[in-house]
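Chain IDs A, B, C and D follow the sequence of writing; residue 1 opens each chain.
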């Protein structure tokens, strides 16, 4: 059986696992104060082209989003996001549970743009009753988006400019960052992202780690109590070293890029194979999620050799399905699926 | 250097690590829906002597406490706890951050008793203005307590009776449960705990796992949306299998008990060694935390070979210090410390 | 100058004021436990055709909404509402501040319908990942709506049926209820509303009181701790009698209906007068809010004699404006405005 | 029957009522933006000896406390207060419901002192694990306290100094401020309070108004979004003028002081009368609450002519009772009670 359900279906990349094994019985202090977290911080900042800045570790994406948003917003503020955003749909109300409203903008293919942000903020403050409404206090986007699309550097810069013009920070959710960075046509590097976004996180869980995300900000002194909020939100691992150790592995020997590159190669091999068989793409995507529209009988045949997610029914006899690749996807698996269509 | 700072200073017990390595590249679904979590649930319920019940996994203790308390309380209720309780002091306000008050009872050696609970609840409802006050909605205790002391089976049963008489659930924090169960003089088994407490968690993080805690309840259908609250509190690992796999290891081949037993043996060897050298005990404890009062110059000498925590100054020339043992503590380490006094 | 800005621009209706003056120096207990609140409860239940039920008083509408929604929802649930709903736009995030998400449905003229609710709930539970999402836990609508439109009895019944089929309560915000009940074409009586909605509130602030709203539910025993939540949300007046006294006045001598009827007569006189002058209606409305589209120069002329709100610019030379009537609006004021067009 | 249960048992002082009647049918804009609120702000600042500053109105005390504390604290901070404080006991968890912990200090006769604050803050930051704990972010005291005691100017100044030395604001709950200011032996004026406390509120509800409190701060620009938080906490009256109008009355013709003075005269007449009859004082108090210990048979006799609160049983045959005076208390009522002992 071949598995394409998502990118969190196996454990860690072997090189990450190796580093965990190697350091397993060393003694360190807890709560991200250890030498591994320190080293990880150093090499992450370096990879981001930042001399100075803040790196904090979280166990998972929802925690990271909820904690950072809670830390950046005042009580009367909400977070602007695409209506399709993960924080608006698939985080069980974690943002609202800490008291904040998600202010939604209609997304096109998972993306919002600078003009929507400008319009929202300007319309808001032109409204005489704005002090009775939730103020836009920050912008949340993800890279890649929920649908696997990407922002170009120009688009991202325009969004950041719109934010800064109105004095609100831009936060980028990078749960699948490795795949975005290595996608064909992508023109944003990790250093670009670190220079443009006020806060962003480098996804570990979906990009080869057992679990863990690394929040990065070029503002070294921003929100000094964010560390305490991590504890308050229940995300401060006693054995915080586990996060440091894994990020050292991910950022050594070009591993994070290799993981991204491999998954993208597999995704493109799948897309090209499907296109060669005249399979309809639900949307043409450059990242590690690929959506196809297939006759239901073809799908039934595929399910005998592969596991993947159902993504709605565009017609009576056909369905959309999602295939996701990761570091563990093999060319054989791809070819077997394509052959079976 | 020997390390006694706490019980979360190394990675996982080798048998836990082995199981993680062995299963690392197997594919499973996410979010605790996988076969490993299912198996772990089964063997945990079995170990607890429960035919039926609920087992849910969490990444860490603060999350477990905050999520369970949030799930069990109505909005107008608070949680009764010792004033020295972890939730009242060392969780950065996680309980209050989700809207609930910790209603404190004065603790003696980290413990509260049934009478305090009864008195609190009865006094509360006798007060004409009780509807202007936070109602006691559940009781939180820990086993072992924050100070390393233990409840006897009679004490625990009396507390549970006081709770049930007033129709409120009893929740037991078992962050260091392995050590409590194996402590000399302890008369509570895992099965007893499962029969007495409405909810309790089996600590993994401090008892040999990389991270993770297992919440157990004999009420199989209680709080059906607790699963969603785990996601809302940011504690739902995408690779939920990591928790299942580790708990399978901890509850196979008697490992959880062996871990507890070894740490207790080392703690007792340390206590007896110290007593033989006429060292003053801050308090005589049966679990894996040991507190000694030593002359400052002795402490300075010990620091050259061992790392441990400072715990206050009972006098001008002496200090209290804490030593904690775990699965990785060796007899050599203990003897070296005792010899150095 | 004539004032049409809103329906909260004067103090209380003289008969309400009279009752406050008359009872001002009588002694009563506090916190809604007094004889006036008791009497008000009795006559409100009677007016609602309920033998039994719950009546609680609140100081204002936002409080009522936030407290009731907080009381009815579990922590993992949100409230379904029109995207234009007051709770979604003009309550400064009060719902989210107590931890709940507003789940929006696209409104047409301020209204949602039964089918939207059914579709939302059914789609929700068909989604495999629904336990990662905020569950629809209740429905909020307002009568009249934010735009001044009304639900028919059939529409309201269908909405209630959709709710009850899915086991979620229906809550109706009646901030301007007096005007809805007296609107031409309305076929819903107070008794109908009390029989159909699980919870609703009778607006006082915008309908002739100094301030205050009366929550009514036919479920006498529902949410027994709602009283305490009123205190927790800061809405429990020490001199709770003020609310009881005013609602006695509003529900004596048919006053609530007379207030509604007068404001509606004035609103219809205004609408007819404007139509006779060929003024464009932004939307044809049966309640006490009337929206007109007028040339900017006409508006400038009107502003010399009347005060009213600007409501957007449908074109370069014309604007929409809002006129609101209440118990204090006079035929002279209406005629003066119409004459000045 | 004479009523001494509390100071919120009648409506408004006649001069307050007069002003409400007089302005009842004037038109104003809503939400504290009207001319009456503006005028009230001006005369309150003047009475406080402030050239500049912030005045905001609230409907009740719990709201004021919850909103101000929510506005002043960061998410990781709590509020230091006496364990007997209103916010810790009698506000139904309103502070925790908005996410903040009340950090309690043991009170003596309802009071805390500067040293306790200093010790708490200093001990807190000396603790290595302080970032796992709730930081002290502000201090709450009340004047008079929950028990009717008063701080001297020296004590209050020392508390403020302790706060400012540690860079945290001092907030004073003045629910019964009128009585504190007029108490025999009190050496704090309204101007003193305004100069010493960063934030305080002038109680209306318990001091002659129908309802309403006025928050005052000498920091004109502090927490600019506090206005929006008032809305979010559900405390923004649509007819905000009601608060402005009442505070104009309270601060015209020396009314606030006259109300305080009268209640104090009555309270002292009662205390002296009781002492002359050898009645035991539970505590000797200078404000409008008086606590007496009386034989149960005397209490039974008194209940035939007067209504008052039971305050616990210091012995088998005697009980403590509370008498509270206000603007409506008459010398005849006092004398009748004293005569009946």
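Everything that follows uses one rule, which is that a contact is a pair of C-beta atoms (placed from the backbone, for glycine too) under 8 Å apart; a residue touches a chain by one contact, two chains touch by 3 or more.
As the structure is a prediction and not an experimental result, all values here were calculated from the model.
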item: Chain pair equivalent in interface to B-D, over half of contacts matched, among A-B, A-C or C-D; value: A-C
item: Of all other chains, the one whose Cα centre sits farthest from chain C; value: B
item: Rounded Å distance, chain A centre to chain C centre (Cα mean); value: 42
item: Whole-Å gap between the CA centroids of chain C and chain D; value: 33
item: For chain B paired with chain C, centre-to-centre distance based on mean C-alpha positions, whole Å; value: 50
item: Touching two or more other chains - residues of chain A; value: 75-76, 91-93, 97-99, 131-132, 228-229, 231-232, 236
item: Residue numbers on chain C that touch chain B, as the complex places them; value: 31, 70-71, 74-76, 98-99, 131-132, 135, 225, 227-229, 231-232, 236
item: Contacting residues of chain C [partner chain A, same complex]; value: 75-76, 78, 89-93, 96-102, 129, 131-134
item: Residues of chain B touching chain A in the complex; value: 1, 3, 5-6, 8-12, 14, 17, 20-21, 23-30, 59-63, 66-67, 91-94, 97-98, 205-206, 210-211, 228-229, 231-239, 241-242, 307, 328
